[in-house]
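Each of the next two complexes has subunit A plus one more chain, namely subunit B in the first and subunit C in the second.
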Partner chain A sequence: MNLVEATGLVKHFHTGHGAVQAIDGVDIAVREGETLGIVGESGCGKSTLGRLLTGLLPPDRGSVRLLGEECAGQSRRALRRIRPLVQVVFQNPYSSLNPRRTVGRTLLEPLAVHRIGTPRDRAARVAAMLERVGLSPAAAARYPHEFSGGQRQRIAIARAMMLEPRLILCDEAVSALDVSVQAQILNLLAEMKREFGLSYVFISHDLSVVRHIADRIAVMYLGRIVEVADRQRIWSEPRHPYTRALIASVPRPRPGRPKPAPVLHDDLPSPIDPPSGCRFRTRCPVATPSCAGQAPVLEKMGADHACACFHA
Partner chain B sequence: MTGGDPILDIRGLATEFHTSRGPVRAVDGIDLSVGPGETVALVGESGCGKTTTAFSVLRLIPRHRGRVVAGEIRFDRLDLATLDERSLRRIRGNRIAMIFQDPASALNPLMTVGAQIAEAVRLHRGLGRAAARAETEALLRAVRIPEPRRRLDEFPHQLSGGMRQRVMIALALSCRPRLLIADEPTTALDVTVQAQILALIEELKQEFGMSVLLITHDLAVVAEVADRVAVMYAGRKVEEAPVSRLFAAPRHPYTRALLASIPDPDADTGGGAAAQPLPEIPGRVQPAGSRIEGCAFAERCAIAADICRQAAPPEALSGDGAAVFCHHAAPEDAGQIAAAVEGRL
Partner chain C sequence: MAEADPFLKRFGRNRPAAIGAVLLLAVTAGGLLAPMLSAPDPWAMVARPFLWPGSDPRFPLGTDMLGRDLLAGILHGARVSLLVGLIATAAAAFVGISIGALAGYYGGRIDNLLMRLTELFQIVPPFILAVVLVVILEPSVGTIILAIAAISWPQLARLTRAEVLSIREREYVEAAVSVGMSDRRIIFREILPNAAPPLLVSTSLAVATSILLESSLSFLGLGDPNVMSWGTMVGAGREVLRSAWYVCAVPGVAILVTVLAINLVGEGLNDALDPKRRRR
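And then the complex of A and B:
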């Protein structure tokens, strides 16, 4: 069963230099109870896709259905019913928590906005959630600056959990953390998912982390998904040349291993004026002239595996 | 890879910052050396003192913020810790160059890339205008920037992050340094670009005969490029070893925990089954400046005993410059370690 179903998504941002084609024709679903990882280089559109999937941004074209209900083009009022189901955890818990509010007030607010429970009931919920994410209930009386980065990310997760969402968007949620703390937060996210039957859209530039936490991984390049498969398959049998290059670039904690020469040499082309046809063709080691014509579409490559490449 | 006297030899370095609560010791007695042609990685989590160590080498810590309070920094028969400012300026950027995590903030946004590099070339190497421009173009070519002549006249904001880091490296190389200090040089870059920059540093190291001191939090990057690794925790070095040995047989509990907590992208997960929880290091690093009697890691250590909270751990040396600071350091042999740690836990 699909929690989110997005089809034909297009989102362009207008700038002084032209329209940035942040998302240009994306179909993707988030299944109930899964973690969908989204990877790609900076500027590939992964954060924009995350925001479209969670209704934080309206698409220019296309549809986003959350639990069967269309989000795109809905009024704010209608979205208000859907919003509690979807929450977000951002990279920088310092800037996403209001520094002038106690942690307790920050956690209470979503309950108040959606008029859930009595004041006493709400306070009890805050205390319970703080405990669940590994903080003392006494943390409610303190301010964000009194906490370390890892603790602040716990607070951000607690806030996201207050409305019992079905889906949490984690946008680089562990990227600013030290490795020892990163492991704590990744484990906490995994526990929350099991306990509350959550789904995650997990966006990160760190492929090792996504490989660890995601059930399925979508690889993006210049506003399009080039390959999507379950975490094991995409790693062991990548079909798209870009996915292969990306995986080969990941540093491995194994000294002395034979190092592959860097596959990709240039930078990502401008999303304002992307290459015709297959957008990866300008950097692709196996591109042929025909790649400049039609854009390849995602084609099934077996169970739970799809790839958009003429040479896959 | 290594051999001969070290290029850089740090002994007992201690650096303090001034704070409203008095001096805070960010680096607390570090020994570290870098041999000719060697890449030494200084690794640790935020606040462990790795960047402060690097900044101390070139005395780049502003005087109103802090100072080196003890130790020697031997570079080429000079002691950088006590050298006068004028002589030090001849070394900085000249024989020791440094690159940073964020090239955007290290480059002058109002000067073209070419003018910035040419300035350094003229200042340090006394070249004329035309010769400097030719040399600048050669440097951009050396760091594999496509169309170097065109790039000379561009401003930093016109370049991508990866290109900017290449410009920083060109700038660092402009004076043919013997030592390159690279402080998180690829942390802000995408993996694809990171792979390019790491490969570039490696090639240039060979080409220019440099040594590299790499400051990073990323153990996978360490595994890819370092010859030797020093692990820092709370201002102290806890372990040092050749890279293959450190990864195969880490002896300090912190090193062990750190290595265990990074997800291994190649782990076989057996067809999409949920990942195993990562081993965590409980708690967090003590805030800088907290006075620690014994081992700084004791509070988070799974095998800490009373002695660890009372006495600073002694240095246990083994051959080829490996060292570990721990009352309960695991034996040197990998097999024994596993057995010993299992037994203790």
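And then the complex of A and C:
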């Protein structure tokens, strides 16, 4: 069953220079119990997609169904009731915790907002959750600035877990951490998933991290999904030229070997005025004049594999 | 470190802030105990005019050109200054912070509407606006407070709006939204506490400015004719500035000390409230 089902999502941001087409026609589903990885360069709309899927941002068009219930177009009050099902862990562990609140207060807040349990009960839950994420219950009395980045990310995970959600959005959740700490946090996320039957939407620009944790991977380019497949498949037989380029750019630990030539040139085109037809055609090694016409849509390429390219 | 009141401790360790607090307490005590510490009526002519400070132990600050006790004037004037400063600032802070927070948090049309309203108050030179308001409404303590509050809130509104705009985008606010907190709770629990240091400093400065404004209005003869105020005293003394400068200087120093004390306390509060400085 699909936990979240989004169809025809469009989100444009209006700026002084024109509308930024952050998300332009995306269909995606998150299945119960899976980790969906979303990868792409910065500016491709990953974070916007994450916020649309979790109801933090209303879409301009399209629908987001959470456990069969439509979220798009709902009032803030109505959304508040379904919000506990979906929680978020953000990238920057230094700005995702209120610096003026003790860790305990921050973790209590979700329970207080939804009037769950008695005060004593809540304190016990906070202590248990702190232990579960590998911190001492005494941490509740301290302030965020007294913790390291990795510890703060554990606190952020604990906060996300307080309401027993079904889905957690991890928006670049380990990108700001040291590599050794990244591994610890990824392991913690994996343990939590097993223990509580969670699903994740895991957003990252780092393909090797997503490969490690995701069951299914969606590749985004300039506001659209260009390829989606399960982890093995996307790694072993990528179909979209952009996916191939991304995989080729992942550094491999082979000292002494000459570095491969960079596969992608130039920067991402402006999302205010994206290329016509296939948005990747301006940087694509296999583009033909026909790519400038119609935009390619995601087409099935076998079980659990879809790709939006005329030449795939 | 002892458990008891770390906030007071941090505040006390800050030497300038502690000095400011002591001075402010002294001014407050002087105002409260005015009738006991000196003549009950500061308007009463009690001695020979132009007694220089220190020349008569019964009138340590001397007397003015009408033979009124300057000490009594200073002590009674403290009441007016503090009253006007605190109430006008409280009103300005309430209006300014509410409007700024709403404009910054909701943005869009609400922001536009509220900020145009704020600018309406800012396009008139503030002191002129205060003078006009007091003249139209007849000088009294109440109208002076109203006039000062009316010209003080726009600045606080703009500052609050700017702070809220930047804090609203922080990830912990987004986390609060995803937890399901109401807008009101987010504004009061997540955003305003983090906007507190600049607002607090600005508000304490506004108290000082209000005291100065009240003195300026009184100096121009727009004070409440029934109460003795520091500004009135300076205004009265300016005619004899060359022969008896102390008549202006004594209330002038009172204004200076009070305003300075409030600024020191404001700075101290700012430092003491910042959790990043706690473990020092």
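In the analysis below, the second predicted complex is superposed on the first by the 308 of 312 C-alpha atoms of A that agree within 3 Å, B and C clash if a C-alpha of one lies under 4 Å from a C-alpha of the other, contacts with A are read in each partner's own complex, and residues count from 1 in each chain.
FYI, contacts are C-beta pairs under 8 Å (C-beta built on N, C-alpha and C of every residue); 3 or more make two chains touch, one makes a residue touch a chain.
What you see is a predicted model; the values in this text were computed from it and never measured.
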Subunit B versus subunit C as contact partner of A:His145, first or second or both or neither: second
First (subunit B), second (subunit C), both or neither touched by A:Met1: neither
Subunit B versus subunit C as contact partner of A:Ala190, first or second or both or neither: first
Contacts of A:Arg80 with subunit B and subunit C, given as first, second, both or neither: second
Contacts of A:Phe90 with subunit B and subunit C, given as first, second, both or neither: second
Which of subunit B and subunit C A:Ala303 touches, first, second, both or neither: neither
Residue contacts on subunit A - larger count, subunit B or subunit C: B
In the complex, subunit A residues that touch subunit C: 54, 56, 76, 80-81, 83-84, 86-88, 90-92, 95-101, 106, 109-110, 113-114, 143, 145-146, 156, 159, 163
Interfacial residue positions of subunit C with respect to subunit A in the complex: 170-172, 174-183, 185, 189-190, 193-194, 196, 275-276, 278-279
Residues of subunit A defined as touching subunit B within the complex: 41-42, 148, 150-151, 178-184, 186-187, 190, 194, 205, 207-209, 211-213, 215, 230-233, 235, 245-257, 259, 261-268
Sites on subunit B touched by subunit A in the complex: 45-46, 146, 160-163, 190-196, 198-199, 217-221, 223-224, 226, 243-244, 246-247, 257-259, 261-272, 274-275, 277-281, 284-285
